[in-house]
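Next up, some structures in structure tokens.
Next come two complexes built around chain A: one with chain B, the other with chain C.
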Partner chain A sequence: MRMLEHLGWRVVRADASPARTAVWVSASLLLAVLLSALLFEAAGASPAAAFAALLKGAFGSWRTASETLVAATPLIFTGLATAVAFRARIWNIGAEGQVFAGAMFAYWCQHGLAGFSPAIQLPVIVLGGLAGGGLYAGLAAILKTRFNVDEVISTVMLNYIIVYALSLLLLQGPWSEPGAFFEQSAKMDPGSLLPLLSGGSRLHAGFLLAVAAAAVVQVIMTRTPVGYEIRAAGSNLRALKVQGTSPARVILMVMMISGALAGLAGVAQVYGVHYRLKAGALTGYGYTGIIVAILGQLKPWGVVAAAIVFGALVTGATFMQVKTGVPSALIYAVEAILLLCYLAGWAAARFRLKRVAHAG
Partner chain B sequence: MLADLFQTTVIVSLLAATVRIATPLLLAAIGELVAERSGVYNMGLEGTMLMGALTAYLAADASGSLWVGVFAALTTGALMSLLFAFLVITLQVEQIVTGLAMNLLGSGLSVYWLRAAFKGQSQIPATPIFDNVPIPFLSELPVIGPVLFDQKALTYLALLSVPAVWWFLYRTRPGLDLRCAGENPRALDIKGLSIAARQYGAVVFGGAMAALGGAFLTVASASRFAPEMTNGRGWLAIVIVIAGMWRPVPILVATLVFSFLDALQLQIQGIGIAIPYQLMLALPYVVAILALAVRRRHAGAPAMLGVSYRRE
Partner chain C sequence: MSATQGETPRLEVRGLSKRYGPVLANDDISLAVAPAELHCLLGENGAGKSTLSACIYGLAVSDMGEILVDGQRLDLRSPADAIAAGIGMVHQHFVLVPRFTVLENIVVGTGSGLRLDLAAARGRITDLCARLHLDIDLDRRVDSLSVGEMQWVEIVKSLYLGARLLILDEPTAVLTPQESERLFALIAELKGSGIAIILITHKMNEVMRSDRVSVLRKGRLVATLTTADTTRDALTELMVGRSVATIEARHIAASQGASLSVRGLTLSAPRGSLIQAIDLDVAPGEILGIAGVAGNGQDELLETIAGIRAPRAGTITLRGEPMSSLGAAEVAGRGVGHVPSDRFRDGLARDFTIAENLILGQQWLRRWRKGPLLDRAAMAANGQDAIARYAIATTGPEQPSGRLSGGNAQKVIIAREFAKAQHLLLLNQPTRGVDVGAIEFIHAEVLAKRDQGCAVILVSEELDDLFALSDRIIVMFRNEVMGEVRRGAFDKTAIGRLMAGARAA
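Right after this comes the complex of A and B.
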């Protein structure tokens, strides 16, 4: 930095125009692709072949494309959950646990209703998912507003806690499958399952629900007083206080909306894909949702687009592993690299070199 | 069976296990203390520890030397935190988001690297682990000997880092400057001292310490790497720094409380007392929330923690 100043230049920080941001972000995403190519190389595969396999595995046919949408569904919910909270600059890292809470509360409400018609069971699981996720996130909100516990820490701790709670309920508890060895519930009642959208694919109604949720979040954020309060909490908390809105109420509201959205991801996985309640059906979506939200620029339709890209990564990676031998775990590294490069590019767009008069 | 818990031998092994289990938490927490004192909130500890655990294991397996493993972990931790430092100090990206991104990187990269390194093998090899290094005479003292002086070298290092960092922060000029970067960066700036240089140093030190803590999990206890094996220890280290009010000695005490819970859990399972193991495993996280809920508001936090310094 000092050397630059001797040369007559200074680094200044300024708001970036959309075009400038776009250029930097594109360049940084290109860097992410190059770094990912290095990882392919490291696993002994040709990057070109691996990328081709990834694409073919994700979009090669209607079956794989529909799998991509199935994989995108929970990520849309958790991405929206994170976007709503981060917009308000409330760092809800707990979508991971709220996914569990949503699925567990939905199951708790629904499993006594076996045999009832879908017209009764489906609303119960959706409302149960919303309530479970919302209440679990609400706990973190109250810990923040009443007890001053930072929400980053509390939500992460709650993520760990609920995994053990589910394990307890499934292994020794009332939800274990009678006579079974695995840590999972019995198979769901057919009347509780999210309907499939087309024969020959696993695409289920949860995907439509996710797109509808994105539309609702879009309307809430842009057209309602609630959305105004959320955006205001993110940019100017003092203005909110001046006009008499209680920050504690906004925090509780944002966290509960965020958690409720995450809870639906749990419902989609359990009642749309796995048809059993088990940890394996729910793990990882919350954390990936954070990346989806940021790459989607915290905007609902951006989240949907990013979730579909990430769904494609998940679906394509399985095919890639079979085809090229590159471990499918690669995509989790690629996702993180995408996020880091995006953050760097977005920030770098805000710096520029400016000619200054010589200091000497 | 409960009476078994109160026999001397059981108590001694419980306390010795507490000190052993404290090692990775203490290394990470002391490192994070230094970073946070300089004003940088590194939430990427969990991912850094994971990468430390993995690289220590891989390097020890490839070289046949455990110390090469330790060195690999230190290097990895320093490199990861250098990247983190570049993003949050130079580019001024939001510290919380960047820390999370580092965790996701550590989590994804460690699993991928492990799978890629042992492609097609159903089981990964075990490395030897560090032996205990009993300290002559002291290790023969009753109770105290086996608890404090019959541990592994990395455990002694972790315990010694507490007075060392205390001395550095409170008794040296560079330590004072470093704390100044977290409390009143403008004062440093006016004196013509670089804030960024001190923060880079503190963050890289913190990252290396966290990775060293991760290395302890593989080359000093498990002898193999397993995905997500840190299991929240990086996050607990952050909780410990807050609960310890950003001071070395209270941080040591908080670390011992958390490790005691863990050691107790192992002991209870060993004796076969019928408490569901999930309750015992969830306990540290519940205690972490309670510990933060009962403390005084922001007691001891550096004034400019998490805020990027910008010259007016």
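Right after this comes the complex of A and C.
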């Protein structure tokens, strides 16, 4: 800062008008594209060809577009989960673990029901997913309100615990596939699977459930007393407490709603895509959901849009690799570039450089 | 003792302007302060006093204009630059290390190099104190000092650092009347040794003791006057921009019997008690004033009655019904309104609209719901009513509360709490930091509430306000009630003694 001042500049706060924010965020996203282009160039491909392949791989046909939506589905759930918590200024970093908990609790409820009709099994897995994620997140809420444990620490720790718990259950525990070598459950009962939406694609009912969840969260946040409390907690929890609303109750409620949404991501992956319970079906969506929530500005429809962009990146990356030789793993770097550029643009909209006259 | 022509002023400000976003906080301000002058900065909240003093002390950098000390033009980039130029400032909130001794606090951070020559420092500070007739034990720990003594330490520290110009920011806000007198005696000593003092205040009786006064309004310097040539009324009019009527409470006989009755109320904290065995009664239509320096248990007492804190012992009854075990929402449901002392910390959610803040805590009430959803139409209508009734300056009920001025934010809280207060109104510093026009309005509303038969408890640090409104005044010191004074027997000296901890005879 001092150095800037010696050059005759000073950083000052600026009014973050919507127009100003829009300009800066657009500019920063453009910068993200440019930086990604450099990355592709460095990987030895023509950036134009790489972007074209990425786009074609993600949206080139109904088949690829539907794959994009399949990939977006769990991110919509975890993005919504994070958005709800962050709007209340409760830093739930545990969507990752709550995805596992949702899938595991759904499986625990459902796996004895093999042979029952979907009309019974489907409600069971959805409610099981909601309950599993919600209860697991509730644990962090109770640690926070009873024992004053910071939720960032507890949710990250709980992420580890649940991953190893699943491993234990699948490796030698009651859920392991008999006689199998892999760490996974047996194949799901056909009656428990999320129905496919169209032949010839893997798009499943979980996507519709995710869009519906976004609509419900939108209504809850803006129109109901629950959303009022979530937003009030995000703005001034103390003022809410002075008015007689229990902060412990609000924190528990926010965490359980958040965890329940994340739990559905686990259900979507296990019963919609992989048809088995295994760690590989569940890993990474919680953490990526945090990025999705932030890029979606913690708004439900913003989350849906950001999740589809991320779904497209992942889906298109494979085609890009085949077509141009750019390693598909580079797409995770692109995701990070997007986030960092967005955050930089967001901050830039709130500050500006000012020329200062040098006295003396 | 005004700046005579030909003499170099101690401080000179020329054409200073400072803009914060769309707000021009200081607009082309020029003033001069002579050595040994007590110069008052007078103005309502938001008039630009704080910005001006921040620029002079290097906490903010002006956009335009010059600051000169003893004729030297300064380029102030930080308080360190200001201190080096001989400018000192004592803030409202002291910047002392409680566990250090007085001596350590004064010399901390002043030494050059690593070696700290405490013996030499002790000598210099002892001399300083002797010259100012200050009696402080340099080896006492700061956390054992009274607030007034801590203020002395701050002043001595500035002088030790070589201050020739001292800025005092509302120094009496935390003092008892007696401590304030001691402060003015000290100011006289400082003037005697040639030190110029800028006193920021909004208390008229303090302004009248200055040599000259500069009145700020909406960022502009309205006038600089020789105090002896002006009057309180003239200054108030300059400050507000119009003449202000003072409200005297018409005293109506309170009906007999207690509406609120508190017995043996005790609130404990991990270390000692926050309030200790408080008894009080308030009749319907009576205003009970609570005097005392802030932090002597007033906040805790009101918060306990309001149900925000659970008492360890004692009873609270309102209209014969016990309510010591109720939570804040249930207490509010019994017809109790509570205006907290820190409005942005305890009273409002900044991101909420006015309409949303007006139902804070009532979000589940049927009044504001249509089935599972919030009834936005009812909330908006309620917001319109409050804006009209309390003359809140805003674009409408959907305006975010964070952008409201202090006075208008307070009106939003008052609208919400007065609507709840059917039987009891708890007011904690309702007019602090509110401009004069709004104070007048709030006082009138409090009296209207009393006339409707509501029992009122008013906590204030401004004795003038308490005298104007209260039927009775009790004084709190160190979490206890020290004594009670009835209307007709109000007396600043007596109440000041109680505020300092003397028991009523």
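As a convention for this text, the second predicted complex is superposed on the first by the 340 of 360 C-alpha atoms of A that agree within 3 Å, B and C clash if a C-alpha of one lies under 4 Å from a C-alpha of the other, contacts with A are read in each partner's own complex, and residues count from 1 in each chain.
We take it that a contact is a pair of C-beta atoms (placed from the backbone, for glycine too) under 8 Å apart; a residue touches a chain by one contact, two chains touch by 3 or more.
The structure displayed is predicted, hence computed values, not measured ones.
Contact with chain C, but none with chain B, is seen for A:236 once the two complexes are overlaid on the shared chain.
After overlaying the two complexes on the shared chain, residue contacts for A:108 are found with neither chain B nor chain C.
Of the two partner chains placed by the overlay, only chain C lies in contact with A:228; chain B stays clear of it. After overlaying the two complexes on the shared chain, residue contacts for A:167 are found with chain B alone; chain C is out of touch. Counting the residues of chain A that each partner touches, chain B and chain C differ, and the larger count belongs to B. Judged by the touch definition given at the top, the superposed model places A:343 against chain B, while chain C stays out of reach. Look at A:13: by the touch rule set out above, it reaches both chain B and chain C. Once the two complexes are laid over each other on the shared chain, residue contacts for A:245 go to chain C alone; chain B is not touched. Within chain A, the residues touching chain B in one complex and chain C in the other are 13.
Contact residues on chain C toward chain A in their complex (touch as defined above): 21-22, 61, 66, 73, 75, 77, 303, 306-308, 327-332, 338, 340, 345-352, 356, 360-364, 368-369, 372-374, 376.
Every residue of chain B that touches chain A in the complex is listed here, in rising order: 43, 83, 87, 91-94, 96-98, 100-105, 107-109, 111-112, 115-116, 119, 231-232, 235, 238-239, 242, 276, 278-279, 281-282, 285-286, 288-289, 292-294, 297-298, 310. Across the complex, chain B is touched by residues 13, 39, 42-44, 91, 93, 143, 147-150, 152-154, 156-158, 160-161, 164-165, 167-168, 171-172, 287, 290-291, 294, 325-327, 329-337, 339-340, 343-344, 346-348, 351 of chain A. Those residues of chain A that touch chain C in the complex are listed here as 5, 10, 13-15, 219, 223-225, 228-229, 231-232, 234-236, 238-246, 356, 359-360.
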